[in-house]
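The structure that follows is given in the form of structure tokens.
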Amino acid sequence: MTERYGEPSVGDVADWWRTSVTRIAPGVVEHRGVPVQDLIGHTDLVSAAWLLVRGDRPTPGQARLLEAALVGSMDHGPQAPSIAVARMAATCGIGINNAMASAVNTLGDSHGGAGEQCVELLAEVVAAGGAPAAREVVAAWRERSPYLPGFGHRFHPRDPRRDPLLALVARACDAGDVAGEHLAAALAVEDALAEGRPRPVPMNIDGATAVIYAELGFPPPLARGFFVLSRSIGILAHAWEESGSGRRNKGPMPPSILPSYGDRP
Amino acid sequence: MTERYGEPSVGDVADWWRTSVTRIAPGVVEHRGVPVQDLIGHTDLVSAAWLLVRGDRPTPGQARLLEAALVGSMDHGPQAPSIAVARMAATCGIGINNAMASAVNTLGDSHGGAGEQCVELLAEVVAAGGAPAAREVVAAWRERSPYLPGFGHRFHPRDPRRDPLLALVARACDAGDVAGEHLAAALAVEDALAEGRPRPVPMNIDGATAVIYAELGFPPPLARGFFVLSRSIGILAHAWEESGSGRRNKGPMPPSILPSYGDRP
Amino acid sequence: MTERYGEPSVGDVADWWRTSVTRIAPGVVEHRGVPVQDLIGHTDLVSAAWLLVRGDRPTPGQARLLEAALVGSMDHGPQAPSIAVARMAATCGIGINNAMASAVNTLGDSHGGAGEQCVELLAEVVAAGGAPAAREVVAAWRERSPYLPGFGHRFHPRDPRRDPLLALVARACDAGDVAGEHLAAALAVEDALAEGRPRPVPMNIDGATAVIYAELGFPPPLARGFFVLSRSIGILAHAWEESGSGRRNKGPMPPSILPSYGDRP
Amino acid sequence: MTERYGEPSVGDVADWWRTSVTRIAPGVVEHRGVPVQDLIGHTDLVSAAWLLVRGDRPTPGQARLLEAALVGSMDHGPQAPSIAVARMAATCGIGINNAMASAVNTLGDSHGGAGEQCVELLAEVVAAGGAPAAREVVAAWRERSPYLPGFGHRFHPRDPRRDPLLALVARACDAGDVAGEHLAAALAVEDALAEGRPRPVPMNIDGATAVIYAELGFPPPLARGFFVLSRSIGILAHAWEESGSGRRNKGPMPPSILPSYGDRP
């Protein structure tokens, strides 16, 4: 060590790892200032997660909305790369946490980021004046990418999770739990997308949950963070199911099928 | 492909990915036979996770117990390698899902496996006849490893999460939600460990949650799986907090301190 | 902090991260005591990796053997879960390092551990007296597991990588680069396995490289470590190829095929 | 499955996994059209990796340059988050591949991406006319970010890896192995950065290796890909060293130091 680095102290080391999330002392675990024993048995998991991540407490209505988003995003089956990864990994002789990690790792910008991006989209619509600005904002996004995050689904003409989630948001608006601006923005985007098309392009699960995250005031990256928590449940369910199959080193198709070889014709 | 592999069909491929967790069809998402719209807004997250992973529904009392275990295990701060990893990873220019995956990946046999192993230990005590067999089973485990999973804590003389969790289990026994055999086994292990020592070796968070997982009938690997779900909340909270620090490529100590060089003296 | 933890110093922190691998100082990077500039342009990658991991230098003949093992293990195509994972992950909107990590993560006890286990098997044969003990050691392993690591291949009647690798080992024995005990042990295991069968059960890539790792004196976990380095090359090649495909969120089969639903019939 | 998805065939499934990297058939493993037995013992690891990833063969001079880049990037010690992660992960009861994966996963845009970004920077300078355009291109990059990838080092006034790597590139230019345009661009960037400063801002390891990757015609993401291969060696060395320490669940600092609690003052 040379002078140019100053003279660090043990306090500097402790500060390097400073956190407001959790304090420990012998016999003490506090989350955001709340002793853990005041949470255990007294707080539901969703409200506890909100506290840990955000530092404050949700109202019951807010917690119900967040819970609905988390329940709605748990799984969409093995066609999703994350789930296929979880199942294959579970047969490779690694821990269930490792199989889950390999899968969570694939929830990237295109596989797990649509909700996060849709929160940004909705924020942009709201910032631009709300529903009347939807068409313009959509046009700007469309110029940058062929994918409008949160709208339309490769598989579902109408995502079965859209309506129940939006109904809950609408009810929460009526109850005063959330303001409804982002819901209005999202519906206006749907309208803008439907113009001149034979069929609507309804919100998908990422869009409907983005409405919730946005209404609850979560910054965009936390939309992905909470989606990861939710999808981790499906990942666990599939990893566990596959680990009961007795397969070893499961590949992506039955071993009797060999991959084609050579450049695409 | 050669004859020795038979002639696979597209149905074989579909079967290769067979699952009982989730069924999708256009407009349909069903988890374990339940349409997702019947879960959204109607089921709490913990019960929904139970359904997805196990295929059946918990009673309200069972769900409360599982929820308490999940709330109690969320975080223990940055001294845990998983949390330190989450925080460092969050400064490296990767997605929040990737930071979470790096951290979840460290919840291995020694960092995340104590709950799983303690479920095995308790099952062994119960199988051997319950409380009276505790001393003998403990002795056998002690021969294999210096660590008895779920008991004692490097930092807490008495883990503050032990008492509230065990109190909930005791209450659930009284209510008939669980049978109490594994709770009795765990208390007997505590007694066996205290013999001849000046201080008790009380259950830690892994032990207390293992009692819950065991009472609820979860196979040992799912104790780790659910712990991963719970700790993922803390991992998210820390990754998110650190990502707001403005640091890039955070190392394990202030950059002014250099690692010692050379073999340990 | 309380007295029971003593009074740590900054030196304790530096010691906590003590290493003999690399020393840095302003203007200085030394690996195992060798300035990095004496390696760059002067040492081949395989010898440099040996130095970094083991702390000493290989002879040219030893380096050639290790290089052959690494060249031989690079890839076996997308039927391997690691490669399928790499390709799917590469389409999910994550960095190429993240795609590689998801794949490396699946090289567990059954997918990436056969070489490591085979090094243990060969060491056991050598310790039991060498070739004459092979039959007995094999019998003992067979009792514990239906898989004998390093021998036989699901797909190749005779793994095309066996003969060239073993020929190199034999030549290295003749040259005095290695002692040949583990090669003899492995050939004796092959003989023991062939007894009473219509067809031989020849070494596969894991067995042939295990002979090399064992002859070179690597402890078993490093056989897995070096295999990871080698397979990372294939993982990179496949991740990169797939990232040029234009696919997003590639699942395990064409989206027109849905996974079967329900328990196996 | 419904008509809207057409009728897939087994051939479609095989095509879904089409690759030009490796072909397998019983008794056959071919990489890029080359039987693996023609590589084992005949090709060095660096040339084999080039073949697998790019599909063609390097000249000996090109392979030497790539090798130097790989040797130069192996490790910079435990202050790098990736190395700290590898060491902590190795104590958590997971496989060495899992420890390596957690670490590789942190080589993201800011920790592992500088080489990739510097290749882009150099390509931009070359496309803008070469050395004379350096000042302008640098100014444009500076507007977007405070970090100019590949130049300057937090720790080394002059990175000891710069000179030997650039000397090799210069020699390769003289020998006609590479054209030298990107080397000229990088030196011009150095000059532009030095203007009006008391001290130069020399290329660091990422810049010097970026010159090599760019001269060799690698697209930017492969600069990261090859960096991952190189750093994986250091990751393995540190994971292995730490796994011999006997520690369990190593945190980021001695357990006697607790993280500070609360918001930064």
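Per-chain residue numbering starts at 1, and chain names A, B, C and D are given in the order in which the chains are listed.
To be clear about the criterion, a residue touches a chain if its C-beta (ideal position, glycine included) is under 8 Å from a C-beta of that chain, and two chains touch if they have at least 3 such contacts.
Bear in mind that the values here come from a model prediction, so they are computed numbers and not experimental data.
Looking at which positions face the partner, chain B and chain C present mostly the same ones, since more than half of the interface numbers are shared. Taking the options A-D, A-C or A-B in turn, the interface that duplicates C-D in more than half of its contact pairs by residue number is A-B.
For the pair chain B and chain D, the distance between C-alpha centroids works out to 35 Å.
Centre-to-centre separation of chain B and chain C, using mean CA positions: 30 Å.
We define each chain's centre as the mean of its Cα atoms; on that basis chain A and chain B are separated by 21 Å. Among the residues of chain A, those touching two or more other chains are numbered 8, 10, 13, 17, 19-20, 23-24, 26, 77-79, 84, 94-95, 97-98, 101-102, 105-109, 112-113, 155, 252-253, 255, 257-259.
By the touch criterion given at the top, residues 1, 5-8, 12-13, 16-17, 19-24, 26-29, 31, 35-37, 39-41, 43-46, 48-49, 52-53, 64, 67-68, 70-72, 74-79, 84, 87, 95-98, 100-102, 104-109, 112-113, 155-158, 160-161, 163-165, 167-168, 221-222, 224-226, 228-229, 232-234, 236-241, 243, 253-258 of chain A touch chain B in their complex. Residues 2, 4, 8-10, 13, 26, 77-82, 84-85, 88-89, 91-94, 98, 101-103, 105-113, 147, 154-155, 248-253, 255, 258-259 of chain C are the ones that touch chain A when the two sit in their complex.
Listing the residues of chain B that touch chain C in their complex gives 10-11, 13-15, 17-20, 23-25, 94-95, 97-98, 101-102, 105, 252-253, 257-264.
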